[in-house]
Amino acid sequence: MSFLAITRATLAKDIRLEWRSKDAINAMLFFSLLVVVIFSFAFDPTAEESRRIAGGLVWVAFLFAAIVALNQTWARELRNQVLDAYRVSPAPAIPLFISKAVGNFVFVAVLEALMTPLFIAFYKLRALGPAWQLLPIALLGTWALVVNGTFFAAMSLRTRAREIMLPLLLFPLSIPALLGMVNSTTAVLTGESSPTFWIALLVAYDVVFTVACLLLFETVLEAE
Amino acid sequence: MKHGFTVLAVITAVLLSFALYTALVMAPVEQTMGNVYRIFYYHVPSAIVAFGLFFINFGASLVYLIRRNTKADMLALVCAEVGVVFCTVNLITGSIWARPVWGIWWTWDMRLTLTLVLWLIYVSYLVLRRFSTSSQTALLAAVLAIFGALDVPLVYFSIWFFRTQHPSPVMGGGGSLDPHMGYALLLNFVAFAFLAWLVCWTRYRLEVAQRAVHEAEAMQSLMEGAR
Amino acid sequence: MSETQSTPVVVADGLIKQFGRFAALRGVTGEFAGGKLYVILGDNGAGKTTLLRTIAGLAYVTRGKISVLGSTEIKASRAEIGYMAHPSLLYDEMSGMENLRYFSELYGIPAPDVDKRCRDAIASVKLDPDLERPVGQYSQGMRQRMSLARALLNDPKLLLLDEPFSNVDARSAAEMAMLVAQARDRGKTVFVVTHQPAQLEAYADEFIWMELGRIVDRTATLGGHQ
């Protein structure tokens, strides 16, 4: 039994389960679409300043979509108490965390990939700065949301009002990451400043919290 | 112990009264702001006390995580609660001060933003403690406190850089302090620190008593079952 | 009845489990020898499930010590434990084989053996290994049997079953009772929490009576408790 084998098996299992409950995926995809449309109505895309605010809008929209996705993935483990089956086995806790986090990352990335062209279309977005930088920003930012999101979604399994506990715990801690995502995106879109500092901040955030999550996940998982 | 508490209470009462007098009457009037600035004698010390309490919470949480010591957990809980109160005082006094002086209710300056984020983190800490259904609530809370502590430097740097790009009025004033004001500020800080100590001690005793009651209630049937 | 192990498999000393104002366990003490089938009985709220979960290493006690399979470390014995509860602990959208193949990975069963072990486990509970129907569409009796197959997958030394016969048809219940007895005959130690002790009356070695979070009696027969 190796970490890698268990991570792979759990990830494969999750993907298979996600695929078989297509209803949930379709609902999520539609939800993401709705979020973009609502935002476009609320913040008039024809305004001159759209390029300046788009960074913030896009990431807040991603944040909401991510919260819904994150709540879903642990919910599956609560049905039939199947999480107990994992806990009672000799399998270590970390592969479970990694497979959930990676699974969430892929899922949220798919949602972002769907929402982005819509935002570009609605806001007539065009990057005045180096557009290629948006890719590492997207990856780092998404991981920042997902790594802590997966961790706190697991923690909120041990609370009442589980679904509201996740954003409640996640949002305050995510503030530096949010500043990083939004400001770096805005910097690239407007081309008016360098996103370097913000990207460095995102890297620092990702490293610090990935390590923290890996070290403390077992404590949270076993805290019945 | 009982004597110590009474002594502390008396000292605190004396200090607070004197500090209040110093702040409102003895300290000189400020040049530009007039008497409004006096709220600064509450605003600044409450921030320092709050940050200090949050720091103690971090230390206690760390101890609990490593040693599972119940006293450490109670200390963490107490410091978080009292810290949030002082932090709230700081945020509100800051707002009240800013309005007549700078015409704004809020600004994203370094200190205020950091204080707000800490306040948010610790309120979420208290909510977690209240909403947890686990028997290991203390452990979950300690984990959250660690995460919060890791977050603080990241928050600091992100706001610092943000401010260099978007300068805004700095509240709490920079610049040098008239020695009389410095004296009044120090006195108020000491008074607030004693007050925090007193409140924490009270809350700690309350928590000890509460846990003892819960334990007694939980074990009550043992007596009945043994008959 | 066999007594293949001389050292007790489970040793509990003053177990207390407190949730705020409520104590699920109020001082459980006892030694349980290996190779026996124990049936745990008691009203709701007596602490039966809590005790079983504590033995399984899923729950922690507030005070007291427990030693399972010779170790006080919660995680040490997990490879040797099989656990089953009233919820199935299975993924509804996957078939029986798919479920068991996944759990085989968690137990580190070597790849070439996985298929055979899973098929054997499913066959032993009298279900069809080739059934592709997702477990969520099984009847309750089939689901509990599949859950038992999962619990037996790693050939555990200690088998812990929590209400295995709940809402299960009579035939499935009788089958499971027989399987459980056979497991005991092969040298396993079995603890069963149930409200239907009649199913196991013929097979059980000892009945453990719990009330208000304590063990109040241990009898050899069902009628032995006042």
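In order of appearance the chains are A, B and C, and numbering begins at 1 in each one.
Rule of thumb we're sticking to: a residue touches a chain if its C-beta (ideal position, glycine included) is under 8 Å from a C-beta of that chain, and two chains touch if they have at least 3 such contacts.
Just so we're clear, the structure is a prediction, and the values are computed from it rather than from any experiment.
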item: Chain pair showing more contacts of the two, B-C and A-C; value: A-C
item: Chain at the geometric heart of the assembly (C-alpha centres); value: A
item: Most remote chain, CA-based centroid, reference being chain A; value: C
item: Separation of chain A from chain B, taking each centre as the mean of its C-alpha atoms, in whole Å; value: 32
item: Chain centre separation (chain B, chain C; CA means) in Å; value: 49
item: Centre-to-centre distance between chain C and chain A (centres being mean Cα positions), rounded to whole Å; value: 38
item: Set of chain A residues in contact with two or more other chains; value: 224
item: Sites on chain C at which at least two other chains make contact; value: 59-60
item: For chain B, residues that touch 2 or more chains besides their own; value: 135-136
item: Residues of chain C that touch chain A when the two form their complex; value: 53, 56-60, 74-75, 78-79, 81, 83, 85, 87-94, 98, 102-103, 105-108, 134, 150, 154
item: Touching residues (chain side chain A, partner chain C) in the complex; value: 1, 5-6, 9-10, 13, 16-17, 20-21, 76, 79-82, 84-91, 222, 224
item: Chain A to chain B touching residues, read off their complex; value: 148, 155, 158-161, 165, 168-169, 171-173, 175-177, 179-180, 183, 193, 197-198, 201, 204-205, 208-209, 212, 216, 219-220, 223-224
item: Chain B to chain A touching residues, read off their complex; value: 65, 117, 120-121, 123-124, 127-128, 131-136, 139-140, 143-144, 146-148, 150-151, 154-155, 157-159, 161-162, 165
item: Chain C-facing residues of chain B, complex; value: 135-136, 214-215, 217-219, 221-222, 224-225
